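These are the structures in question, set out in turn.
Across the two complexes that follow, chain A remains constant while its partner is chain B and subsequently chain C.
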Partner chain A sequence: MKRLLGVALGILTAIGGFVDIGDLVTNAVVGSRFGLSLVWVVAVGVVGICLFANMSGRVAAASGRATFEVIRERLGPRAGLANLSASFLINLMTVTAEIGGVALALQLASSVHYLLWIPVAAVAVWLVIWRVKFSIMENVTGLLGLTLIVFAVALFLLKPDWGVLAGQALAPAVPDGETVPTYWYYAIALFGAAMTPYEVFFFSSGAVEEGWTVKDLVQSRLNVLVGFPLGGLLSVAIAGCAAVVLLPAGIAVTSLSQVILPVAEGAGKLGLAFVLVGVVAATFGAALETTLSSGYTLAQFFGWSWGKFRRPVQAARFHLAMIICLLVGLAVLATGVDPVLVTEYSVVFSAIALPLTYLPILIVSNDPQYMGQHVNGRAVNVLGMAYLVIILVASLAAIPLMIVTGAGS
Partner chain B sequence: MTSPDLVPLPPVAGRILDAQLHLLDRQVLDTDGVPVTTVDDLELSGPALGEEIPVGTPAPVLDALLTGPVLGTRIFGGRPPSSRLIRIPWKDVADVGVVVRLGVRGGPLDAGWVERWVRDKIIARIPGGRHDPR
Partner chain C sequence: MILGDLLGTPVRDADGGRLGRVADVRFVLDGTPRQLMSEARVLGLVVSPHSAASFLGYERINLAQPWPLANLLRWRHRGSYLVLWEDIAMVGKDAVRLRPGFTRYSASLEDGGRQRAGDGK
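Up next is the complex of A and B:
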């Protein structure tokens, strides 16, 4: 019974934790401009993140080594440092976007300007990282994030023409008024939003934090394989809401208030209350995960003592690094840069940096010295190679498409 | 090209470790399992670079694992002076596997001075720094 509860809790937090500011903004932007014609990318991204999280979780459980220790060891100091710099900077960008997202959501709830909420959000993130137990942190933000299901509820209440939506989803075509490069640019952005590298740093380091062994692999696989696809359905609901309300009205999403507008229209005040709680929880949870990830990547590369399961004094450099990252994010946001814009860039850069973390994990998960008998099976490797190609193509195409389309404008 | 004057490789007992594959860039844990550092470089005994090697000189042995600023020089080139090297003596190493395990506690090691400094000057002074999260 206790085990069953554990599985249920794990799946629920995986659903609630799947959506972050990147998914919220990108899905709404895409829905408002392309309808559901890019839904297939969410499916590709969800299968990819399941595969990737499953491999890195297995590496962490079988060898006790988290992602960046493995990357440094496989790539050596030079390529490892280049990899660290890219991954760390993109992660820092995501930290900034998530804290900005918390502040924007609080502004919508309170009418107090978001710049005033930013220091509050950053201090709250730090306090949780400093004090709160890892599992409580994960479960509370994950469960509260489940209130985002209101997007799906709102989609039903909006009584859309399901035939039209299904037509958009099943026979994808570039809508009138949009160009083919823009379509593919947003395909990459959506892919990057679903498969952000930080989720993998966090997942594998979290496995070490919670002391997973190979015995826990079944449960972790279940969490991922059930939770992430259901989280992906939430993403689709967000895009669907935007496609039903914003696309016909000709509103292209540029702010968080437009992301949640369809919920207010479909589900009223109560729905609005739920969606605000959900957005705050999802972005706050992701802010915690990205901030921890910035500490994890640095500590694992340099071999520092790390982890929330230790007292802060026993992982001093790890905690100092996270404090500095939060201060940098705060400084960036204090310039008044639009957090939604930061988000839109961060998901594309995530897609660009993805091969850097994916390839070493794919290699090590086939290495018997680390994995013993838990090396990748044949089916996983076939899928892994197929995704290597997809990830490489997305990564290489992203910058040319960004230039050609003027970042999707 | 092998010179006939070289002493033949002595018979090895036990495991053969490849410096590049099994030692460099591996995580170092102390006897309690606490991360100490990563193996940034290795120090070998024996003749300095360019020195004449007389016949019959014993083969160089691994003296210490190195850490600290030597990582910068390994990436960007150069070599810090010997006095700047932070060493973990090879005799402290207990086991080499996926990680390098030491047989001593990491606390008092030279390799931990930055960690100690950050702990004592910054982290321990913030309220709650000694709070056990579990």
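Up next is the complex of A and C:
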């Protein structure tokens, strides 16, 4: 019974933890401009993140090494440092976006300007990281994030023409008024939102935090393989809501209030209450994960002691690094830059940086000296190579498409 | 001398002909046993004619998966070989010069690198 509860809890946490500000904004933007014609990208992204999380989780459980420890060992100091710099900066961008997202959601709930909420959000993130136990932190934000299911409820209550939605999803075409490069630019953004690198830093470091061994692999695989696809369905519901309400009205999403507008229309005040709780929980949870990831990546690369399982005094540099990252994020947001805009860029840059972390994990998960008998099977390797190609193409195409489309405008 | 600076340095034979670049430095653990492990001793340099980039672990011949990657990396390092430290005449800033009549040993590692020094002739 206890084991069953553990599995259920893990899956629910994975669903609630899947959606962050990147998924919220990108899915709503894409839904409002392209309908459901990019839903296939969410599917590709979800399979990809399942694959990546499965490999990095297995590496962590079999070798006791988290992602950046592996990268440092396999790529050496020089290539490893270049890799760290890129991954770290993009992660910092995501931290900024998530904290901005928390503040924007609190503004919607309270009518107090978001700039006033930003220091509150950052201090709250720091306090949780400093004080709260890893498992409690994970489970509370994950479970509260489940309230985002209200997007799916709202979609049903909006009584859409399901035939039209299915047509958009199953026979993807570039809608009138949008260009082919813009379509592909948003395809990469959506891919980056689903397959954000921090999810994997966090997942593999979390495996070390919770002291996984190969015995825990079955449960972790179950969490990922059930939880992430259901989280992907939430993403589709967000896009669906936008496609039903905002696309016909000609509203292209540029703010968080527009993301949740269809929920208010479909599910009323109660729905609005749920979605606000969900957005705060999802962005706050992701703010914790990204802030921890920035500490994890730095500490793992430089060989500092790290982890929430240690008291802060025993992992001082790890905690100090996270405080500095939060302050940098605060400083960026204090300039008044639009957090939604930061989010839109962060998901594309995530896609650009993805090969840097994906390739070393793919290689090491095949290395019997790290993995023993738990090396990748044939099916995982075929899929792994296919995704290496997809990830490389998305990464290389992102910058040219960004220039050609003026970042999707 | 910093080892990192040596990586990528061009390697020339005694007549000054270009052989490739230093892709790796090979160590053996056969010194006095210490608390954690034996002292490491430089066995030699791995010279790669086509690429000075890392082998990413694929110098160990028991590592063959995923095969497109393994083959690609082996192809990038085709023709690479190990030169023993004794066969090196001079390590300079711009080039490493080898002694005349140096021996090319196989650069690949068998059994995950656990074999004895100089086995792979």
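Keep this in mind: the second predicted complex is superposed on the first by the 409 of 409 C-alpha atoms of A that agree within 3 Å, B and C clash if a C-alpha of one lies under 4 Å from a C-alpha of the other, contacts with A are read in each partner's own complex, and residues count from 1 in each chain.
One rule holds for everything that comes next: a contact is a pair of C-beta atoms (placed from the backbone, for glycine too) under 8 Å apart; a residue touches a chain by one contact, two chains touch by 3 or more.
No experiment lies behind these values; they were computed from the predicted model shown.
K.L.:
Looking at the overlay, what does A:N376 touch: chain B (first), chain C (second), both, or neither?
P.N.:
second
K.L.:
When both complexes are superposed, which of chain B and chain C contacts more residues belonging to chain A?
P.N.:
Greater contact footprint in residues on chain A: B.
K.L.:
Name the contact category of A:M385: first (chain B only), second (chain C only), both, or neither.
P.N.:
Second partner only.
K.L.:
For A:G17, is the partner it touches chain B (first), chain C (second), both, or none of the two (neither)?
P.N.:
neither
K.L.:
In the superposed arrangement, which partner chain does A:P172 touch: chain B (first), chain C (second), both, or neither?
P.N.:
It touches nothing on chain B or chain C.
K.L.:
Which of the two partners, first being chain B and second being chain C, lies in contact with A:G76: first, second, both, or neither?
P.N.:
Touch partners of A:G76: chain B and chain C.
K.L.:
Check whether A:P368 is in contact with chain B, with chain C, with both or with neither, and answer first, second, both or neither.
P.N.:
Touch partner of A:P368: chain C, not chain B.
K.L.:
Which partner does A:W306 contact after superposing on A: first (chain B), second (chain C), both, neither?
P.N.:
The first partner, chain B, only.
K.L.:
Quick check for you: in the superposed arrangement, does A:P197 touch first (chain B), second (chain C), both or neither?
P.N.:
After superposing on A, A:P197 lies clear of both chain B and chain C.
K.L.:
Taking the contacts chain A makes with chain B in one complex and with chain C in the other, which residues are shared?
P.N.:
Shared contact residues on chain A (touching chain B in one complex, chain C in the other): 76-78, 369.
K.L.:
Can you list the chain C residues touching chain A in their complex?
P.N.:
4, 54, 56-57, 60, 62-63, 65-66, 68-69, 112
K.L.:
Using the touch definition from the top, list the residues of chain B that touch chain A in their complex.
P.N.:
24-28, 34-38, 40, 67, 71, 74-75, 98-99, 114-116, 118-119, 122-124, 126, 128-134
K.L.:
Within the complex, which stretch of chain A touches chain C?
P.N.:
Residues 74-79, 362-364, 366-369, 375-376, 381-382, 384-385, 388 of chain A touch chain C in their complex.
K.L.:
Where on chain A is chain B touching in the complex?
P.N.:
63-65, 69, 72-73, 76-78, 80-81, 130-134, 299-306, 308-314, 316-317, 319-320, 369-370
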